[in-house]
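Here come two complexes built around chain A, the first alongside chain B, the second alongside chain C.
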Partner chain A sequence: MINIKNLTFGYRPKQMVLENLNLQIKPGHIYGLLGRNGAGKSSLSHNICGLLFPVSGTCQVSGEIPAGRDPKFLQQVYLLPEEIYLPNVSIKSYLDIYAPFYPAFDRDMFYRFILEFDIPKEHKLQDMSYGQKKKVMISFALATQAKVLLMDEPTNGLDIPSKKQFRKIIAGVIKDDQLIIISTHQVKDLDSLIDYVLILEDKQIILNQPVENITEKLAFKQVINLDEVASPIYNEGALKGYAVVAINHKKENSRLDMEMFFNALLSEKQLVLSQFN
Partner chain B sequence: MDFNNTQAIYLQIADYVCDKIQLKVWKEDEKIPSVRELAVMLEVNPNTVMRSYEYLQHQEIIYTKRGMGYFAQANAAKSILKTRQQQFMNEELPLLFKKMQLLSIPVTELQNRYEQFINQKNN
Partner chain C sequence: MQFSIHRIWLLIRKQWAENQQLYILGTLAIAGIMGAIIVFNMSSRLGLETRTQQFILFGGAIATGGVFTSTILSQFNEKVKGIQALTLPASALEKLTVAVIYCMVIFPIVYFVMVYPLIMIGHYIDNNIAHQPNTLYKLEWDDNANDLFVTYFMLQTVALLGSVLFKRYVFIKSLIMVIVVFFGLRIINPIAAKYIIDTDVKTGFDVKVRETVYNEANKPIYKETVKAHYIQPNVDAYPYADMVVHYGGYNKYVKGASYSTSQTKLHHQYNTLFLILLYLGMPFLWIITWLRLKEKEL
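Entry: the complex of A and B
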């Protein structure tokens, strides 16, 4: 569904943010895009939806070139940015203005999400709190039924019950022909939803793996002594002993700890990546 | 649902399904929730539930009827009980023994405690 080849992108001529980046993405999955601050996550998603253009290389999304900004393409891609600016109108007027850009927009679905998120629907958008605005926009994004949905830190600003609602809503709507890419630092909020992990580092996607592959190669464990683990790769001191990432010799079925995995990958890059080649 | 941090989520979901069947909340030869319904209920990716259901099919705990969804096998509760007993004997008991040895607790002491526990439960 997304096919990126040797994509290079930068805001200034001699300072590239992404360099020779390659990425293939399939529909029907929820991808978690992880990377440090300033790694280029937003630049990448802006290239995918046609807001920014590659300096060189190709970016293909659903068979189209995003930079061409063909309305037919734009109708099926939606980007939910982290910072949102909304006009001072009611929810209904907002729908009247923006929903027509998305032919598959489902108003009933939108109002169902608004209800589930407990948003008073007669309020004007600017009278709402940051979290409420965010929930309106998440509902809008999902109701577009866009084939490619890019979300930047969607759970930022959401209260505790809303995070739960968010997970339920996403689990209920994702379709086989749809793709959701969530870039986030709040991995604990979303790690039960994400089934593919993308890691952006050194201007490239250095890892693109399904969660089940990661836990097949690596074991995530809590131990009292480090010598209990054969082939540890990375560890962090925890309250009682250590949290460890190790090579999964014994074919254990451990649960992926995304934060630990990310830290392990950044600190032991070659060793971790070599498990996947 | 609160998942623990150690075991793969798809196995925890499989365990959850087994709990329901063993406790007869979901009855044998009856339809169990669809992949989508369970994903929403547990706030997980439907693909993960799919993997759990495939795993349970392989274990012959559930089966699928074309176009009708998933059903609990006729003798599922019994076979889950059997598997769990084996699991207890092979995995949990050695850990308990290790701890008992460490704390010098004789097996006879357990016998009394267990009888007390059963009596209390029955009263």
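Entry: the complex of A and C
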């Protein structure tokens, strides 16, 4: 569905943010796009939805070139940015203005999510809190039923119950012909939701793996002594002992700790990547 | 090229729904400012003269229209609004068409419908209460009105281009662009004209002049083509103006009356063609604006 070949992009001629980046993404999955600050996550998302144009290389989404910004393409790709602009209108007016631009927009679905998020329908958007505005926009983005949904830090500003609702809604809404890319630093909010991990480092996607592959190759453990673990890759001191990422020699089942995995990859890049090659 | 009337209508509706409060307040503010200008001019010694009425009407339209136009595509220059504006499922051509409709159709209609009655009221008071013998400026399609309308639409077109060319201080930068182009042409044109005509001030040059004699009612009564010798041509011409050559002080007797020459206009036979090119400049600038909008990145 998304096919990127040798994509190079930069805001200045001699300062590339992405260089010879390759990425193939299939529909039916939720992808977590992880990377340090300034690694180029937003630049990649913006290239995918046609807000930025590559310096060289190709980017194809559903067979279309995003830079063309064809209305039919834009109906199929929705970007939910971290900072959102909302006009001073009611939710109903907002729907009346924007929903007709998306032929597959499902109003019932939108109002169902609004109800789940406990948003007062009659309020004007400008009178709402940041978190409420975000929930309205999440509901809108999902109701467009776009084939590609790009979300930049969607859980920023959401309270704890809302994060749970968000996970529940997203997990229940994705169809086989849709894909969602969530770019976030709040990995703990979403590690149960994401089924593919993309890591952007050194201007390239250095890892594109399903969660089950990661937990098959690596084990995530809590131990009192580091001696208890064979082949540890990375550890962090925890309240009781250590949180450890180790090579999963014994094919043990463990739950992916996205934050630990990301830190392990950054500190022992070659060793971690070698497990997947 | 994607173009849908349905999406144009959706975009027009969106523009109004999102900005109606601003537009209503802006309209009232324009009415207030124009009203104050009219009252200020009524208090002058000659009252609200016809020429002043015309200047207020068109000068106000050009100034307020310029400000309005420079904001119409401003959302594309802001990061947060720009994401929504650029990813909204409509083509660049549709988005530009809506901007053109707002700036070149809706705004002038609203402006003239609002300001002309204010001028009528001002004239009524000026005429009937202040007893000034001024006549009301009537919106008629003559050469002067044509020039003013062309100036209005040309400047709005430039402002529209400026709104996608510049990210910040759109109005100021567009104004500077207009001033640079205007004075640039004003300076270059006479130099180019002198170079093209290649006149020698010392020896002058021979030309054929078609003389027309006008009566008191400004009607031509006599025409003749004569040979003349110009010594001091004045080629300080504005772009699109007929070139004027000094030819004053020659007397001629026609039907017993003495007539004197004032000046000679060098009227180019292809003037109309150049005027058409000027008018075509507007859609040409729209195309540049469209291409720039298509290539606009966040």
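Note that in this section the second predicted complex is superposed on the first by the 277 of 277 C-alpha atoms of A that agree within 3 Å, B and C clash if a C-alpha of one lies under 4 Å from a C-alpha of the other, contacts with A are read in each partner's own complex, and residues count from 1 in each chain.
Just so we're on the same page, contacts are C-beta pairs under 8 Å (C-beta built on N, C-alpha and C of every residue); 3 or more make two chains touch, one makes a residue touch a chain.
These numbers were taken from a predicted model, which means no experiment stands behind them.
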item	value
Touching partner for A:Glu83 - first (chain B), second (chain C), both, neither	second
Chain B versus chain C as contact partner of A:Met128, first or second or both or neither	neither
Touching partner for A:Ile247 - first (chain B), second (chain C), both, neither	neither
First (chain B), second (chain C), both or neither touched by A:Lys221	first
Between chain B and chain C, more extensive residue contact with chain A	C
Which of chain B and chain C A:Ile30 touches, first, second, both or neither	first
Residues of chain A that lie at the interface with chain B and also at the interface with chain C	none
Footprint of chain A on chain B - complex, ascending	3-12, 36, 39-40, 42-48, 51
Touching residues (chain side chain A, partner chain C) in the complex	46, 49-53, 69-72, 74-75, 77-79, 81, 83-85, 87-89, 93, 96-98, 100-102
Chain C residues within the chain A interface of the complex	2, 4, 7, 10, 13-14, 17-18, 21, 79-84, 86-92, 94, 294-295, 297-298
Residues of chain A touching chain B in the complex	28-30, 164, 167-168, 171-172, 174, 192-195, 212, 215, 220-222, 253-257
